[in-house]
Every structure is written in C-alpha cells, then in structure tokens.
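First chain A sits with chain B, and in the next complex the same chain sits with chain C.
Showing the complex of A and B:
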C-alpha cells in the first residue's frame, strides 16, 4: 500500500495504491493526522488503484470524519472500484461520505 | 590382576638377583656360607643385569604418575624419593667409613662390598624412578609417534644392558657409535618439554627447585660410583657401564633441559597466566549466561572480568536504558558500575564519552591521552583509554570505559579479548531478552486461551426451539478469540429476538466488544413496565440500534465500529421487523415466489456517528413471511472467504447455495453452505471469523 500526497492550492489529493488493511492503515492514519491537513478546503482521495479495503482501513476514515467536518474540510472519494464501493455501501458510509465517480466532480464538490 | 602379579614377580626377581650379586661379590677371594669361592664373572654380570632389568621393568609397570596429579605433585614425589635414596646412600657410606676407620681396609673388605652393592642398588632404583617420571613428562600431550620413539629408546637401552654380557669383545668403534647414537636419541627426546607451558609463574619456580634437587641427587650418586670404580678396596665386578651411563646421561640431560626451558619460560609466564585468566573470565561469563540470570548480573560479570583481565586502573560501565520493546512490569534498576572512579571523574566521563563516540559503532582507543587531550578534567593524569560500545545489530546497550595511568596501556591483544567480552555480553543480553519475550508470549498465550474459553461461554448453547421455526448455527473464529457474535432471546407472545454482528478488527479487543454487545442486547431487551401496549414493551429494531449506538459511543475506540443486524420475529403477526446497521444484507428464500434474494436496505454501522444524528441513518423494515421461507444471516467472513487464487466467495455463490438447498431442514441448509465455503477456501487458513445462522419458518401451529 502506497499513499502519495499531491498538495495543490486549497486541495490536497491523496493517491491510494494497493490494499488498505490493518498494517497499511497506519500509514494512511499518519497522513490524515498531519495538522496542516486542516488548512485545506478539501481532501480528495483517489481510489483508482485501491484494490481492497478492510474494516481497519474504513476505521481510519471514520475516525477522521468528525475532525474534518468540524474544521470544514470536505472529504471526497472518487474513482472508486465497484468492489470497494460495495464495502462503503454495505456499512452505510455512502450516506455519510461524499463518493463521486470522477475527479472533475470531486473538484466541484 | 596380572599387572599386580607381574610386579610381585619383578620385585622377587630383583631381590633374588641382588642377593645373588651380593653373594657373588662377597665370594671373590673367599668362601661365604660354605659356597664355593670366586664365582664366575658372567654370573655376577647376569645378576647385576637381571637386577637392573627387574627394577626398570617394575618402574615401567607403574601407572602414569601424571594421571590424576599435577606436574608439581609428581616432581615433588620424585624429589622426596631421591632424597630418601640419597639419605640411605649417605647413611650406608658413613657406616662403611666408620667401621673402616679402625683398621686399614683390605681389598675385598666385606663391609665395603656390602655397602657398595647396596649403593649400586639405590642408584639403579633412583635412575628407574627418574626415567619413568621423565617418560610421563616427555609423552605429555605427545603424539603416538612419540610413544613409538620412546619404546624404541627403551628397547635400545635394553640392548645396551646386554653389552657387558655378550658383546664385550665388540670393537670399540661399534660401541662408541651405538652409545653416541643412543645419547643423541636421548637428547632428541629431552626436547619434549611441553608440560612447562602449563605451569604458572609460582609453579615454575617450584619446578626449578625440584628439578635442581633431583639433578643434585643424581650427580651425588654418579660422583660416588665414579670413586667406587677405582677404589682398590672393592673387588666388585664392573657395572653395566653402557646402560647405566646412557640412562644417567638421559636422566641428567632431561633434567637440565627441563630446567633451561623452565628458566627461559619464566619471563613470559605472565603471558600464559593472562591468557588463562582471560579464558577463565570467558568461562565465568558463559556460566552466568547459562544460569539465565538478570541483565544486571551479566553487566557485573562483564565489568569484573574486563577490569581484572586488563588491569585497568579506573573503569566505568554506562548502561543505557532498558529496551523499550520488552514489556517488563518492573524494570530492574541498573546499577552504575564503577571501579576506582571519583564522582567528579564520573561526571566528566558522562559528558565527554558520548561526544567521543559521536554515533560511531566501533571501539575507540587512545594510547596517548596526555598528548591528545581527548578526555579532560579528570582528577588524575590518565595515559590511555579504551571505549567499547555494547551494541547488537538493532540495539545499543551501553558503553564500557577503561582507563590506565600508563601510556600505550591497551595493545591489540587487550582489545581483542575485550572485544570478545563485549560480543559475548551482547549475545547473552540478547538471549536473556529472547527468553523473557518467550515467557511473556507464553503467558499471553495462556491468557488468550482463557479469553477463548470465556467467549465460548458467551455463545448461546441452547438454541430457542418452537414448532414454528428451526434454527441452525455455525461459528468459527480465525484466531483464539473472535469479533463475531450472535444471540437469541425468546420473548413472551411467540416472539423471537435475533441479533448478529461483527466488531471491526480482530483479537482480544474485538472479543471484548462482542461481550459488551451481548450485555447491551440483554439490557435493552428487558420489558418496559411503563409501556401501555404489549407491543411497546420491547424496543423496535431501529430504537434498539439507536440505543446500542449510544451505549457504544463512550467505550468504542474512535477507529472501531460494529456492524449488526437485529430481527424481531412475531409469529402471531406472521412477520418480522428488522434493522440493519452496516451489516451484510440478509439472504432470503421466498417460498411463494420461489425466489432467492437479498434484502437490500440502507443502514449505518454502529459507532460511526456519535453525535445523536445516528437515528436518521437506520430504518425499521417489515416483512411478512410464509411457511417454508428461509432466512440466512451471516457475517462478512463468509462472503470474503478467499480461494487460492485470491477470489472472494461472494453474494452470488451464497445465493446459489441457498437455491440448491432451501427445501431441506435449517441444519441441512447450514451444512450445505458451510461445506461449500470450506471447499472454496480449502487448505487456506481462516482469513476472518465466520458466522452463519439459518432460520426456517414452518407451518406448524404454536402450542397455546
């Protein structure tokens, strides 16, 4: 699992590459924990290369959800594979998080 | 015991030969005890040779004196024997002199003759004793070739013994050649002085004295016999010259060579001793390791060994903090190990040594500290310092600092032994830690086993039974304890509450929350006495989820969540209400439509929203069932079971299994599905906990 951060103006894009499980969740958590994250208007998560997400991986997003909302930072997922989207959907996270098909929509969100 | 019998025979032979020699010598020029006078010369020589041969063979038969004794014990014993024999010689000769003082002794004087014969016997005994002690020293740690050479030497000595008997007409040059050759052989054998190296300095001094004593005794005897040979008073036969000369030569030469070797070894004895001290220290270190003691003891052993072996004037062992990754309930306080170190100097070292090392991994030696000034502010002018870091590939344990007043105090040998010490110490510290970790993990294993037992007790053992439904359950944890849970509760009025769920994460933490969910379930399903209508006595599914979410808010860690599905089945109404909180969709067989499908409904997992807005994300659903309908409730461990190719089992295959088996009993349907799941991921370890409940509704009338 690789996390690549691409800061641009008011938007931070995180590219996730690989399987997000209990061991790689730590890497993502460190990234999301950075205080400068709250300076952005939106944090976009590019899920194109995210092939699997475990409950620990979901837990990382869940634990940061409130903090980002409180600081008015929008968390947007895009390019999500169907299998990964199903996991979000079953847990009911699709009603709580913004998941859009393309980058353009993510930028507009 | 043949050896014992042989030595008795040899002793008897020696005594007989000696008596024969005495009588024969006395018989020269007169009759003794009525025997004929003037025995033939060959008989006397034979008696003499027989006596010498018996005494030497007897000494040869004795066990190796070195077995079970030290070199000094053997030498001391030889010295005392030599002293006794020499004392006897002096006593006998004094007696002869005293008796002869009254009158001018005549040739053939019997007292002098007896005295001479006794003295000759004493000399031969001393020679035999000495020769065989020398043999044990020569052959100490010797090769088998050396053993053979020694046997050859003995054989040649035996031949020399026969010279006087048979070859007395041999030309002189043969005799000279043989004797010279044997002499050189003896010189060669005298070169084997290995034993000297095994003596300490004090022992070497003692050995020199003892060897000098033995040498003195031998020379005294030789001096006497040389005089006796030319004494006109004696009418004795000539001695077996060649044999005695050769044996004496070897005995004396070996003693002289040994003396020389010991003497030359004296100045370097301390080197041997230091080596020995190093070996002993190493042994001590490894013994402490084997006893599996504490780290403090290992540090102490290293410190003591290093200071003693290197003779450091001042030393300090700085022990770094304990390894953080080893959970130790009470870290033992590490003693500050110092040797002759003033507290002001300790402070100076504490500030300067880290800078000296500056992250380097290797030891640092400064043999000219006065000039380099690498350490300053010390109370004494130290000439040299050695700084040895203790570290393994992964961890830094501490630093050993040794100081000497003299310059050039640490040579490469010192460093190599210190290096061995520190390596050994680090090795034993690592071992100790491994052992501790093994103990901790063992106790953790035990705890886990207990936790598994506790969790096992939480699983409902007695499934609710009634004639309007059938239930079958299956649960398998991936590890000792799992994060899946399910429970049932029979409520009054033909109602059944069913709960299934999955705590995110695995292991003990997850297992704790399953127990908590069980508690929440039973607490929430208590009848509400204030409820007006019977239907309102128990919370509906949506309310149940809201209450559960609220209860979990305060105790579930932020990154954890729980998925659950709750069903409240009512037989009288012929239907059930349910709510899904992020849990897997319920699989359902509709007996009228003859169709297998999933209830796809919305619903957020528990513990995700904690601000009271959760109620908006979970809904009540209602369903009227018909007899023959089958409900399959499960956790994601079933859907996400993987095969060798990494494919997931999936909803489709699960639905397929139900459509193949819906007509069977709940137990048979359950078995059909789980066999297929197991077949799917055959040979692979369980990836996640798996739970599977099958509920089949029946047509039978409830008992009223």
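Showing the complex of A and C:
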C-alpha cells in the first residue's frame, strides 16, 4: 500500500495505490492523522489504484471523518473501482461518505 | 475442486491469504465482484484470528481449506492457537453514525462477513477454534 500526498492550494489529494488491509491501514492512518490536514478545505482520496479495502481500511476513514467535519474539511472519494465501492455499499457507508465518479466532481463537491 | 494453505499468525500474511482465495476462485471462473466479496470475508476472519485470538504470535498458525462443489463454496479456517475465539456467527448491524461520531476504527469486520456469506459458524474442535463459512455462488 502506497499513499502519495499532493497538496495544491486549499486541497490535499491522497493517491492510494495497492491493497488497504489490517496490515497496511497504519500507513493511511498516519497520513490522515497529520495536524496540517486540518488546514485544507478538502481532502480528496483518489482511489483509482486502490484495488482492495477491508474493514480495517474503512475504519481508518471512519475514525477521522468526524474530526475533519468538525474542522470544516470535506473528505471526498473519487475514481473508485466497482469492487471497492461495493464494500462501502455492503455496510451502507456509501450514503454516509461523499463518493463521486471523477476528479472534477470531487473538486466541486 | 479444493485447495488448502497454512499460514503463521502474522498480519503480513493477509496478502498471501487473499492471493490464495482470489487465485482459487478466479480459476473457477467466478466474477470479479463476487470473488472480491469472498476474499474480503476470509480476510476479515483470518485477521480476527491473527490479531485478536493469537495476538499476532507468529509461532501460531492457521489452516485454510476451500472446497467448491458446483456453485457451493465451503471455507474452513482452523486456528491452531490455544485460545478459543467464538464470536456469534451472526454479527449485529453496526451503528455507523455512532462509529463516526466516536471516531471508532473497529467493529465492522464480522458484520461484513455476515452480509457476504450465506452461513457463518464458529465452533470448537479438539480444543481449537474452527470457522466455517459457506456461500452458493451465482
């Protein structure tokens, strides 16, 4: 699992590459835990190369969502593969998190 | 068709487990979405055995058996550790709004397993915990 951060003005984009499981979730957790994250208006999660997510990966996003919302930072997912989106759907998380098809829509969310 | 694998109780081995289940089901020409769901269910149970039942003690090991007979898939995961781990087969539905407010990380894995598989059962055999999962694949 590789996480690449791309800061740009008021938006931070995190590109996820690989499989997010109970072993690799700590990498993402470290990234989302950085205090400077709260300086952005949006944190965009580019999921194009995210090929797998388990509950440990979902848990990382859930555990940071309230903190981001409290600081008016919008968390938006985009470019999500169908099989990864399906995992969000199984739990009903697709209705609690902002998931859009494209980067353009993510920028506008 | 059937296949088996033995892994030690390290979370580094979760990738190996997923590759094993994925390879087995793709060889059986199952669709990508359903393959991913079954891979996820197995990953969740194995991660629970590794982390919660065995405290990531790499000297302990798990045996995983996959059996596909027609559309019916049976999976048996046997924990050779000494701590019995017997969660209820049917996990309660997590209150996700509360989880978000609490900043909670865990508590969703077995709910996923329950929703994906047709049958989830934990039982004791020879002082070890065994998890049996089954699903009729479409």
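The definition used in the following text is that the second predicted complex is superposed on the first by the 109 of 109 C-alpha atoms of A that agree within 3 Å, B and C clash if a C-alpha of one lies under 4 Å from a C-alpha of the other, contacts with A are read in each partner's own complex, and residues count from 1 in each chain.
We adopt the following convention: a contact is a pair of C-beta atoms (placed from the backbone, for glycine too) under 8 Å apart; a residue touches a chain by one contact, two chains touch by 3 or more.
Values in this document were obtained by computation on a predicted structure and should not be read as measured data.
In the superposed three-chain model, the partner touching more residues of chain A is C, compared with the other of chain B and chain C. When the shared chain is aligned, no partner comes close enough to touch A:100: not chain B, not chain C.
By the document's definition of touching, of the two partners only chain C reaches A:23; chain B does not. Once the two complexes are overlaid on the shared chain, A:82 sits against chain C while remaining clear of chain B.
Of the two partner chains, chain B and chain C are each touched by A:92. Using the contact criterion defined above for the overlaid structures, shared-chain residue A:56 touches chain B and also reaches chain C. Judged by the touch definition given at the top, the superposed model places A:15 against neither chain B nor chain C.
Once chain A of one complex is fitted onto chain A of the other, the partner contacts of A:109 are absent, as it touches neither chain B nor chain C. Shared interface residues of chain A, touching chain B in one complex and chain C in the other, are 22, 55-56, 58-60, 62-63, 65-66, 90-93, 96. Within the complex formed with chain B, the chain A residues making contact are 22, 25, 29, 55-56, 58-60, 62-63, 65-66, 90-93, 95-96. The touching residues of chain B, when paired with chain A in their complex, are 502, 504-506, 558-561, 563, 581-585, 602-605, 608-611, 617, 636. Residues 11-12, 14-15, 18, 32-33, 36-37, 39-40, 43-44, 47, 50-51, 94, 96-97, 99-109, 111-112, 115-116 of chain C are the ones touching chain A in the complex. On the side of chain A, the complex with chain C involves touching residues 19, 21-23, 52, 54-56, 58-60, 62-67, 82-83, 86-87, 90-93, 96.
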